[in-house]
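Quick heads-up: structures coming right below.
The two complexes that follow have chain A in common; it is paired with chain B in the first and with chain C in the second.
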Partner chain A sequence: MEIELRLSGGITVVGIRGSVDGLTADDLMRTLSARVSEGAVRLVADCSALDYTSSAGLRSLLGAVKLARQHGGDLRLAAIQPPVLRVLDLSGFTGILKYYPDVEAAVVSFAEPA
Partner chain B sequence: MNSSHRHQRGVAVVIGSGSVKCAAALGLVNVLNRAGIAIDMLVGCSAGCLYATMLASGRTTAEAAEMTKQLWTSTITDQHNRRAWLKAAFPRLFGFDARFGLRDDRLVMERLNAAFGDSRIEAMGTPLFLTATDFANGNQAVFSSGRAVDAIRASIAVPFLFSPWPIDGHLYIDGYMSDPLPVGVAMREGAEVIVAMGFDSPYQEHISNAGRFAFQVSAILSNNLLKSQFAFHGLAHHAEIIPIIPEFKQRIRMFDTEKIPYIIEEGERAAEAQLPYLSRLLDAQAAVAASGTA
Partner chain C sequence: MTAAIATVVHAGTPENLPRFLHFIEATCARIEADADTKYALHLAMEEVCTNLIVHGYRGEAAGPIEVAVYDECEKVTIVIRDRAPPFDPVHAPSPDLTSDVEHRPAGGLGLYLVKKVMDEVDYVPDTPSGNVLTLVKRKS
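Now for the complex of A and B:
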């Protein structure tokens, strides 16, 4: 898994490439937690190159969402590919996470009234 | 490194409910076999019990596919249970009771007995756990011993269709009513890596009779239960649950056994997609175990 961070309109965009799983989930959680601790509480996960997530990956995503929300922000997902979306849907995550067709829509969503 | 002895530890395979679609598990097992990944335990629910039992008893995937064609045909639901219809219409007169099922189950029992005889769950080559649902309280029941035929019959007791099945003084109905993909059983039994093959219940294209209406209601409940249970177990488990959800482009009906080759193929395809990660995970676990014993 590779993680790439960038800023877009004041929102931290976290590009995730590869697989979030039992071998990589801790890295993702550490990266996201560090950003939230630094005050970057509004995050978008760019999932366009994320090709797999296991239960460990789901746990790290949920942990990051909870952390961001506890600090007044949110982690929103963008461009989720169909295989990953199926796992998120099966796990009920699509009911508790906000997700958007692309990064731009996810970034803009933070400007909209809650 | 030779894949046949690469992995120190195996995986638990959980086969969820899904009628003939459960044959996709044979595709999953083909993929695991080719990769040299051992199966440490099998858990089955509803029709998944058939495949879990066939595999645990040492049958090859080809044998299991062939057995399905003998076992699982639409003729098993052809015979109406006339007394049940009378009981439904005149409950007091005909003595309605909990053993209600609109179809005669003699043929399905005949076939299960022919296939598995008196095989016992505890005597299988691979540890086997079959789930059903306690009809008295809705609790999940897990059978790890006893006659396999009884546990399978209990687990495929689709409400209204087949009557609840008695085991040791309790009545049991279809396993999907408590958990359509019982990964929790594998967790409880100590599995670290769980490969879970589950299936959505299909929704009806047309609701043209009471039976289809009932199946639609059942599918809605079952699919929502699948999601909620899977979400809970995914978050509760400390290790890994690897969901393998075959994507069927063709509609698969309950008794479409002629589609078994296609179903197995889709099972293989879905499993192949997860194999690279599964192999890396098992290799990493083996390395940790080796460093601990070095």
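Now for the complex of A and C:
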């Protein structure tokens, strides 16, 4: 798994490439937690290059969303690939997380009224 | 059933999880599994082996996890044998899928996902060769 961070209009975009599984999920959680603790509480996960996730990945995503929301922000997902979206849907995560077709839409969503 | 096309056995320790995942990746490549089958098999292998390592053997003189893959015309079958205390995933309670983010528990999804992505799941505990979990994925 590779993680790439960038800023887009004050929103932290976290590009996740590869697999988030039992071997890499903790790294993702650490990266996201560190950003939130530094004050970057509005995050978008660019999932366009995320090709696999398991329950471990779901746990780290859920943990990051909880943390961001506790600090007044959110972690929103963008460009989720179909196999990963299926896992999110099976787990009921599509009903509790916000996700968008692309990064731009996810970034813009933070400007919309809650 | 035809003979297994690939088998592996390792101790059920955390250090061996990558070995089980590499095994299923290599096996999927060998049988030219389609994307859906590959994802399901990889997910099943990760979730089952992780559960055996973390909850079954718990790092205490971990016993073996033996995996055999059978490739047939219309389906791929994975048979996983272990000697940990039996745990029946077929009848395990379903996880919480409806609570909001604040109240949603972090765990409990692994075996549930396995039962969703695989077409058949069967478990027989305490056989002479250990607990036997059989997972079937029908090909697209």
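What we mean here is this: the second predicted complex is superposed on the first by the 114 of 114 C-alpha atoms of A that agree within 3 Å, B and C clash if a C-alpha of one lies under 4 Å from a C-alpha of the other, contacts with A are read in each partner's own complex, and residues count from 1 in each chain.
Note that a contact is a pair of C-beta atoms (placed from the backbone, for glycine too) under 8 Å apart; a residue touches a chain by one contact, two chains touch by 3 or more.
Everything numeric here is computed off the predicted structure, so don't read it as measured data.
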Superposition on chain A - do chain B and chain C clash or fit: clash
Touching partner for A:V65 - first (chain B), second (chain C), both, neither: second
First, second, both or neither for A:S91, with chain B first and chain C second: both
First (chain B), second (chain C), both or neither touched by A:Y99: neither
Chain C collision site on chain B, chosen from 153-161, 189-197 or 207-215, when both complexes are overlaid on chain A: 189-197
Doubly contacted residues of chain A, that is, touched by chain B and again by chain C: 21-23, 52, 54-56, 58-59, 62, 83, 87, 90-92
Chain C partner contacts - residues on chain A that touch it in the complex: 21-23, 52, 54-56, 58-59, 62-63, 65-66, 69, 83, 87, 90-92, 95-97
Sites on chain B touched by chain A in the complex: 198, 226-228, 230-231, 233-235, 237, 239-243, 245, 247, 273-274, 277, 280-281, 284
Chain B-facing residues of chain A, complex: 19, 21-23, 52, 54-56, 58-59, 62, 83, 86-87, 89-93
Parts of chain C lying in touch with chain A, wherever the complex brings them together: 17-18, 21, 35-36, 39, 42-43, 46-47, 50, 95, 97-98, 100-102, 104, 106-107, 109-110, 112-113, 116-117
